[in-house]
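As structure tokens, here come the structures.
Look at the two complexes coming up: chain A is in both, with chain B in one and chain C in the other.
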Partner chain A sequence: MKRAGFTSAWLPAMLLLPQLAVIAIFFYWPAAHALRSSFYLQDPFGFGETFVGLSNFTSLLTSAAYSRAAWFTVFFTLIVTFGSLSIALLLAVKADKVIRGAKTYRTLLMWVYAVAPPVAGVIGLIMFNQSWGPLKEFFALFGWDFKLGVNYFDTAFAMIAVSIWKQVPVNFIFFLSGLQSIPKSVREAALIDNRSATGRFWDITFPLLAPTGFFLLITNITYAMFDTFGVIDTVLKGQPGNNPMTLVYKVYVDGFRGNDLGGSSAQSVVLMVLVLALTVFQFRMIERRIHYT
Partner chain B sequence: MTRISLASAAALALFANAASAQTEISWWHAMGGALGDTVNQIATDFNASQSDYVITPVFKGTYEEALTAGIAAFRAGEQPNILQVFDAGAATVIAAQGATIPVQDLLIDNGVDFNIEDYISGVRYFYADSEDKMIGMPFNSSSPIMYYNVQALEAAGVTPPKTYEEFETVTAPALVEAGYIPLAQSHSPWIWVENFMSRHDLPFATNDNGYTGLDTQILVNSPELKMHWSKVKEWRDAGFYEWYGAAWNDNQKPFEEGKVAIWMGSSGSFGGLSKLDLPFDFSATVLPYWESVTTEPKQTFIGGAALFAMSGKSDAENAATAAFFQYLTSPETQVMWHKETGYVPVTTAAYEMAKAEGYYDELPAAEVGIEQLSLPAGEHTKGYRMGFYVQIRDVMNREFGRILAGDTSVDDAFTVIEAESNELLAKFAQTQG
Partner chain C sequence: MTTHKRRLRLSTVVDHAILIAGSLLMIVPVLMLVQMTSMPDLINMKTGPSLSIGDQWVPNFEKAMFQADGFSGINTGTRMLMNSFILGIGFAFGKIFVGMLAAYAIVYFRMRYASLAFWIIFTTLLLPLEVRILPSYEVVQRLGMLNTYQGLIIPLIASATATFFFRQYFRSIPEELVEAARIDGAGPVRFFFDILIPLSRTMIAAMFIIMFVYGWNQYLWPTMVTTEEGMFTLVRGIKQITQMLEGNQIPEYGRANMLALIAILPPVMIVIFFQSWFVKGLTESDK
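So, the complex of A and B:
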């Protein structure tokens, strides 16, 4: 067998260089900076600094506000991930069956994908507006006095609803193409074995969708933890007050709004460790058990 | 071909000439909407008033965003000549000696007459250092005042309350009876902590409210403030006060809609309110006080923001900045700014000028902010200076929201505010080490 390869070591190195440079400049260098400043307290203008060891980290552990944000992030991530995946799956399964006007349905379902997170947040602000929001008025019919920005739970509800709404289309696209790649022969064989549509779904379709589902699970967790920033920022209108916020938003609030560079660097180091753990989990634990066809 | 390049060379030469003749400076600010239009107007007028300098204002978002952008730019060596920094960011920018040129030095070095006594008393020392040297040029200066819906108060048969006792026993019940929500306010830390302290002449922090040292401790866990917030919570439960969230406009809106009868906001809101077509007449008066705390209420702190001359610029550009500051503090510019926006004129001369023009006979409410700032000063009314104050305000806002939502008690909330604020102050002291 003929082995294809480079004759010298130079060319591959040169070809890799741009990519490596991008990673080094835009990822490792800032990460190293964040790591360094997490051990210091620094004057915002850069005039003075004090080495404080691990105290930026220990003060996170004792901070009630930080643990509230951490717990909120956990719940928020779970609900947004589960909500957007399950709604998208349901829609994809139903859309898969539609024959007439299928393209129109699908296009309409994917539409929201084009909405930028801050715009989605603004739409949320309009829908949930305190004095005239349509959804607020709808909830009032059931006796729910919805108060965005005043009530912790209501604000959390609005953030979660907007984040799910924003994420459903992406998941929908992936699930739909996943469904369409299931071979017709498998489906027909299943049809003979089992007459119940629900049964067929859980026994055949769902396991075959697992690779797609797993990929989406990871991207949705990342989305809920990091990419919802724009939604949260808009819903909070620049005044966090007693409202819920995620850990990423807290990095911004403390670092960019509050100018505490050391404290917020420590928080971003914690997040880096979390992402690292998520990646290890993805590759070590689950990739081995899920078979991509 | 030759002709074209000759023509462009000539154009280039002209352009270069124009550029060398005029010194260009930049001004980063946080004045959006109608305020931004007025800022642009001031810049245009300044540019038209002389031919040596050109100033370009740039809108940088909210106060917090403008400060952050300025800091980031400074660290990258790309800072503007003038940066607008708000009250809560004052400690950060003033502590970073070397980041700015004290405005007093800038003006004197460039041959502009400067006398701190020309500034009205409430404005004079807020942006000054511990030796009373003015560091930042007070620009949009405001104070919290009490706006009211004239028809609502008439319908209820009451006058604007002078004290919180009067509000609680007379004004609020009558307004509820008349079908109004009696009270809302737009900025809890500013109105019901900071200015609560100055109005009642209570110490806000150790080290002379933080002016004389970095090892400052906040003094908010006080019986007076806790009493006030217990009352606020009671009022909310009784329907005397409604809270619409931590964002400014959420609380101003119900007043504009005529639902809320009395709204505590900024004297700088005056211009915006007068331009609206409100379904009622509004007027304003000074903030109430607790008679049980003091019988001699004092002036309030100035709020709003100041302009700081950033360091690291050429002498020519600094001269341009000084010339602009001189233009900005001229009585004519001050009166124009005052009338357009409702922010107070910062110099006595400008105040006298507005008075002489009969402006306050026409609109008495426009004078309330400056009247309140000109009330007798007390021991603790000069201002406050605390690092990481933006975060301290966020802590207050969070805990006040929790009090009002019933998630925490007043005692616990103030214990938390005190502890977290002191932790932030200690951290800030370390950043200066």
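So, the complex of A and C:
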């Protein structure tokens, strides 16, 4: 890239200053701090610390509670990601196809984007309420005695349902805009070649949506791992007990409530490594995607 | 031919049925929340959401906005609403201000260490605040910024999403524009104010909406840095809302649900009214 740029020694430095100052103090300092404290054991009353090497990490790997949370996070992330992506894709394909009411449908299907995750959790508490929750009553028709906050599986179900509900709109927006950017000529050619709508979808539309889908896959994994904190905290009413929790929630519970700073920092570092791996994977795939678009 | 036409019609009906089902799935849960704000608490406690509309909207709204709980007695709905606006607007404004300046420096200036600055800034895209939440808390504590608006807003700004977005956008602006401006004798400051900002108006608006909603909806960070009730935002206050339902003999569903409703109304309205800007900004950032 060649840019006919301005040359000035101090102006660009001044322009970059706010950004660099903010990230130095509130990004690099904390990140370095987390890295450092993951190798130390903090005194719970704030008197000093001892270097313990990798012991925070080894105790994580051997902790049953941690591996339980890790497996739950994997399970939770997979279901939330695929659930919300497939529902959103179905809705986007249909919203792209209909002529009447297309705009109304778009508005109706996207506004939940602006609902905060913990408020979505409050709505979940209503839906699954023990005495009269509409969904709880509905499940009771099939003999399913839904017990939110008591039964491990039921609580996980409620968290997943609310998290999917909250995430469908943003996926819908991206899929719809991806569909609308498919050139008309391609669609018409496909229409001549293939009469079956399902066949057209899988042969033409789906591959053309692949870049959007891949971008969303990564976004959704990050969402399920990090942004669902508000949903989980409200659904659990702040009382994890024996209920399922994700890794981010565990960082918070152990570090902020349990005061185990070293262990919690080690957990943060594990999460950082996971996110970094995910991002590197994403960049490599994006480089590859240039070839087919 | 007739059979073909009928099949087409049927598929259209199925399409609409799916879309209507999807729309209901999005709306009905929130409508239940709204319905419960119109009922007296006793009925809510006994029957939960129903089809009837009660007359309690005004009293519930007054309770939600002006009644406080906790020890201080200052965390009324009005107070939390104000804090939410301060967080949403402050965050959006700060993010855009910092991001636009940095992106301008990166795209339009020839500097030494340009690629170093680029990497330092864009590495922040990799790690969300959630994974470094505790050390960030300690830093804010050490700077004495707990329970302040600065402590609430600035750490949230410490990533490069807006910078990245504006960089992509500035790079899509034709280069001839800078050449022309330079030939006309415009320096970097005039170019920024007279050409770049007017050109980016739509993008700035789109970014503002996205960032406002993002800031307004923050939960984990405000939960950690604001412990004084006078600093609570609506979304942060949700925890108390659910606790209200636990402790009391007759849970205050009317008030609690009204507060939840007030918490979602402003961002939802903005997203609906400025839909096209919002969608444009959101999907543009993908590239």
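One rule holds in what follows: the second predicted complex is superposed on the first by the 268 of 293 C-alpha atoms of A that agree within 3 Å, B and C clash if a C-alpha of one lies under 4 Å from a C-alpha of the other, contacts with A are read in each partner's own complex, and residues count from 1 in each chain.
What we mean here is this: a contact is a pair of C-beta atoms (placed from the backbone, for glycine too) under 8 Å apart; a residue touches a chain by one contact, two chains touch by 3 or more.
None of the values given here were measured: they were computed from a predicted structure.
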Chain B versus chain C as contact partner of A:131, first or second or both or neither: both
Contacts of A:150 with chain B and chain C, given as first, second, both or neither: first
Partner chain(s) touched by A:230 [first = chain B, second = chain C, both, neither]: second
Chain A residues touched by each partner, larger count belonging to chain B or chain C: C
Chain A positions touched by chain B in one structure and by chain C in the second: 131, 237-238, 256
Contact set on chain A toward chain C in their complex: 1-8, 11-13, 15-16, 18-20, 22-23, 25-27, 29-31, 33-34, 37, 87, 90-91, 94-95, 97-98, 100-101, 105-119, 121-123, 125-127, 129, 131-134, 165, 168-170, 173-174, 177, 197, 212, 215, 222, 226-227, 229-230, 233-234, 237-238, 248, 251-252, 255-256, 261, 264-265, 268, 271-272, 275-276, 279
Chain C - residues contacting chain A, complex: 11-12, 15-16, 18-19, 22-23, 25-27, 29-30, 32-33, 36, 46-49, 97-99, 101-102, 104-111, 117, 120-121, 124-128, 130-140, 143, 154-155, 157-160, 163, 171, 175, 178-179, 182, 187-189, 191, 213, 216-217, 219-220, 223-224, 235, 238-239, 241-243, 245-246, 256-257, 260, 263-264, 267-268, 270-272, 275, 279, 282-283, 286
Complex interface listing, chain A residues touching chain B: 41-50, 52, 59, 63-65, 130-131, 147-152, 237-243, 253-254, 256-260, 262-263
Of all residues in chain B, those that touch chain A in their complex: 62, 64, 67-68, 71, 74-75, 92-93, 95-99, 243-248, 250, 253-254, 257, 388, 390-391, 394-395, 397-402, 404-405, 407, 416, 420, 423-424, 427, 430-433
